[in-house]
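In structure tokens below, several structures.
Each of the two complexes below includes chain A, the first together with chain B, the second together with chain C.
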Partner chain A sequence: MGLLSILRKLKSAPDQEVRILLLGLDNAGKTTLLKQLASEDISHITPTQGFNIKSVQSQGFKLNVWDIGGQRKIRPYWRNYFENTDILIYVIDSADRKRFEETGQELAELLEEEKLSCVPVLIFANKQDLLTAAPASEIAEGLNLHTIRDRVWQIQSCSALTGEGVQDGMNWVCKNVNAKKK
Partner chain B sequence: MKLKSLLLRYYPPGIMLEYETNGELKTKSIDLLELDPSTDVGALVEEIQKAEPLITASRAEKVRLLVQRLQAKLEQNSKHIFCLVKVLRAHILPLTNVALNKSGSCFITGSYDRMCKVWDTRSGEQLHTLEGHRNVVYTIAFNNPYGDKIATGSFDKTCKLWSAETGECYHTFRGHTAEIVCLSFNPQSTLVATGSMDTTAKLWDIQSGEEVFTLTGHLAEIISLSFDTSGSRIITGSFDHTVIVWDTSTARKVHTLIGHCAEISSSVFNWDCSLILTGSMDKTCMLWDATNGKCIATLTGHDDEILDSCFDYAGKLFATASADGTARVYCTATRKCISKLEGHEGEISKISFNPQGNRLLTGSSDKTARIWDAHTGECLQVLEGHVDEIFSCTFNYKGNIVITGSKDNTCRIWC
Partner chain C sequence: MFISLWEFFYGNFFRYWMKWILRQMTGKCELQRIFDTCVGAQRTHRIENSLTYSKNKVLQEATHVMQSEVDKCIEDIMKEKNINPEKDSSFKICMKACLLQISGYKQLYVDVENERKKPYDSDNLQHEKLLLKLWHLLMPKNKLKARISKQWADIGFQGDDPKTDFRGMGILGLINLVYFSENYTTAAHQILSRSNHPKLGYSYAIVGINLTEMAYSLLKSEALKFYLYNFVPGIPTMEHFHQFYCYLVYEFDKFWFEEEPESIMYFNLYREKFHEKIKRLLLDSNVALTLKI
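After this line comes the complex of A and B, so read on.
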């Protein structure tokens, strides 16, 4: 990667490149999702202390996905990465009901950010492989997603571990990038 | 004209003459860029005497001793083995760049956590935290050789000037409309130049804090800039595939170096400012005549993008680092590749010579930095320990300290 490649990914992307920001609380499964997207080994994933960037080809687009660490103390730095974001993907641990309020709060704050205004948001209701996982519909309701009116949004249940639902989510991403970039 | 004193400059080797003329004290330098450990000192002193009237027969012996000192300095620390002395959990987010002051007594780190920190090299103690930027601190510099000021350039579009001694912020330079990604003090330490993703570079007055000039002309992001040795010209390298040479006193374009067919990754002058070396994503590097802006040579051979390039202090050699995981060393005079540095298991994003010019330091995405013999290409040391890729690495002026900064949020001191 190197600093220079980061600068190249920073500039406003050409038409066929999409800048995707992957956010969510710690342990939501962002890095696992990133690695699943890049078809990489997901057996040894540690908490992200900074960020990871991967580029994946999908439906004629080059998706530059930025996975940003979600621990509380580094959340104030999320805004370092807002510039030129085409799509926001917000990942939720559907089995961690204790933190639904916290994750809802963080999402609400993101949707208030000026630099992310009108940016389409995909919410992954992750960890559906766990028996205790709340269904996407319940999360949508709990987070009042239906009140989002200033942008297109979608909630998609998935398991970053098994890969189920991930492609459906990315299809939605490509479709909405299409709409935006055209 | 009366010679008052003789001073030494170790790297690149040179003798400074302080002399008096019409009651005025002046200086000039005798550059000994070709000096190497095998140079015949007697013959060189004779040559100096012939060319420089201030060096009279009575001074010859003194000059001979000085040249021998310079010769010894070129070999100093050449057998040095680097050992890890400190791991600093410097920041809570990845580091960007690191920089040392000239003596090596302290160094600075920039980070995604929006701070720049000043560290004591010997103790590893944190001396100051330079806080105030609202986004990533990407590019940082000391005003060497003085080392009393620090400049920081940020993704928040501003550059700040700080006291290295107290950590006080003297000025915030505002005006760029996008991220600042490269900066440099001029050699006199009267100006700071900043290069930005907004396609412009700006020169700022250190005393007044005012903008002096905006250098407008590039069609895409500026990602590299450097002054020449005198400070009268500056070059900017851009994602628009070109490098522009500017006159710093008028902000006029002197030359546009057109030839690369992809983004520029680095651009530097050699010491005597006769040449410019540029590296590009087009997998080549080019040598240019700095006086007329003409391309002298295109060096091919790398299988992937060139991410960094540099001259040694004297300009005798230059080196390129590539995303293909190798680096190459070239002789400036012949433009022949004299060695290939093979061994890294990932792209090499940083390369620099030690001031003596016999060693190279590379930093890679394989999480290691390596020390190489510049002439044979042999890997002498692998500096291992970082747990994520290395974003920056640098030698001090004596060539016996290395600082590495990593995406793993730490920096390491190797002595």
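After this line comes the complex of A and C, so read on.
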């Protein structure tokens, strides 16, 4: 490391901390996504009871990612984690068409929450590695995403398993961290 | 720094000088001396180390010996080490017991890993049968109205089809759940009804699958060695792995209610605490973990 780069490091401001909330139905792939972000092994994943949290450095940000279990029984606890959220990431299993309605309803309820008002939302259309996965455009239409007007939003197709599309989504996150309308 | 220097010199020089001096003094090789001084898991563990770090190929490979070739392998070792069967008649018996335990542990991991890698498959009749068996064992009085049903949540699965809950643990998770319910039915019913506690409750099946992961990762990291070497005199099998799983399920439930967590949302915190507790117990070479009901 040269003298210049050391000086530059000293000068640069400490990483801005960002609170990211990862929600979605059970089996959407939230924990796989979290582990993929943290570059951890994804072969031994079990259903999440409660929550997992990990911190990831990205583009000058310290992303504190909260992955909350998606099972119906613990969805009432989701609201305990809303406070001070900078970005909401909502994960959908694109191959589970039978539950599109359920996942759409949960998302709609989240967007109504006062504590999450104006929080930018990224929707991951996950599991695109499966042949039966619906394309992101179809999901966007089915969930009427175009009617969202009170915040910035984005839908990104991805596969948490292979990692494809995940980085694109996170780039959007970093760009929109400060887009929360006060 | 000093420690790594010491390790380097010890591993490369001192160990061999020491062994040579001791050999001259006692007239016995290291393996024989271990049999003279150690018993139980400690004995197997030290024999394993001695073989693994040996420069002799025959000894090194003995830790991977197949069950059918154990006798021949022991003969080769005795030849290499000039051990006279008449002078040391117990060597053969002791060595056989140790080798079966050592290579058996490695084989057990392979077997467990094979089951874990098999995903739950709804088109596989055996898998489906096993799943329904779990329901009947846990809910003998309630009929399952349909294969896809909200009722699965009553035994602690997340949604209306349990198949997605097995995930990274595959069919191993289901086999474990069924084994506990079948062999400790009364305890399973008690734990299931406790898991429905309004405040301290947890999802029975999901927690079970999480504990399969714990048992699996302990086996993989070799943390179960002392336990299995003490518990199983010969070759450890799947049965012994299931027994350890049962111990975890029973003890975790006790632990959870003793700790009185604020809510299920703190599960991972207490899971880690429990994991640390078990790891500490497993470090003792005299460890014996048995399910006492």
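Following the convention adopted for this analysis, the second predicted complex is superposed on the first by the 162 of 182 C-alpha atoms of A that agree within 3 Å, B and C clash if a C-alpha of one lies under 4 Å from a C-alpha of the other, contacts with A are read in each partner's own complex, and residues count from 1 in each chain.
Note that a contact is a pair of C-beta atoms (placed from the backbone, for glycine too) under 8 Å apart; a residue touches a chain by one contact, two chains touch by 3 or more.
Since the model is a prediction, treat every value here as computed from it, not as a measurement.
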(message) Taking the superposition on A as described, I'd like to know which of chain B and chain C A:Thr147 touches: first, second, both or neither.
(response) neither
(message) Between chain B and chain C, whom does A:Asn80 touch in the aligned arrangement: first, second, both, or neither?
(response) both
(message) With both complexes overlaid on chain A, does A:Thr132 touch chain B (first), chain C (second), both or neither?
(response) neither
(message) Between chain B and chain C, whom does A:Gln57 touch in the aligned arrangement: first, second, both, or neither?
(response) neither
(request) Based on the superposed arrangement, let me know which partner A:Ile45 touches: chain B (first), chain C (second), both, or neither? (result) second
(request) List the residues of chain A that touch chain B in one complex and chain C in the other. (result) 49-51, 73-74, 77, 80
(message) Can you tell me which positions in chain A touch chain C when the two form their complex?
(response) 25-27, 42-52, 70-74, 77, 80
(message) Give the list of chain B residues in touch with chain A in this complex.
(response) 92-94, 96-97, 112-114, 135-136, 138, 155, 179, 181, 197, 220-221, 223, 239, 263, 265, 307, 323, 347, 349-350, 365, 388-389, 391-392, 407-409
(message) Taking the touch rule as given, give the residues of chain A at its contact with chain B in the complex, in rising order.
(response) 1-4, 7-8, 10-11, 49-51, 69, 73-74, 77, 79-80, 83
(request) Sort out for me which residues of chain C touch chain A in the complex. (result) 153, 158-159, 164-165, 167-169, 173, 202-203, 206-207, 209-210, 212-213, 216-217, 263-269, 271
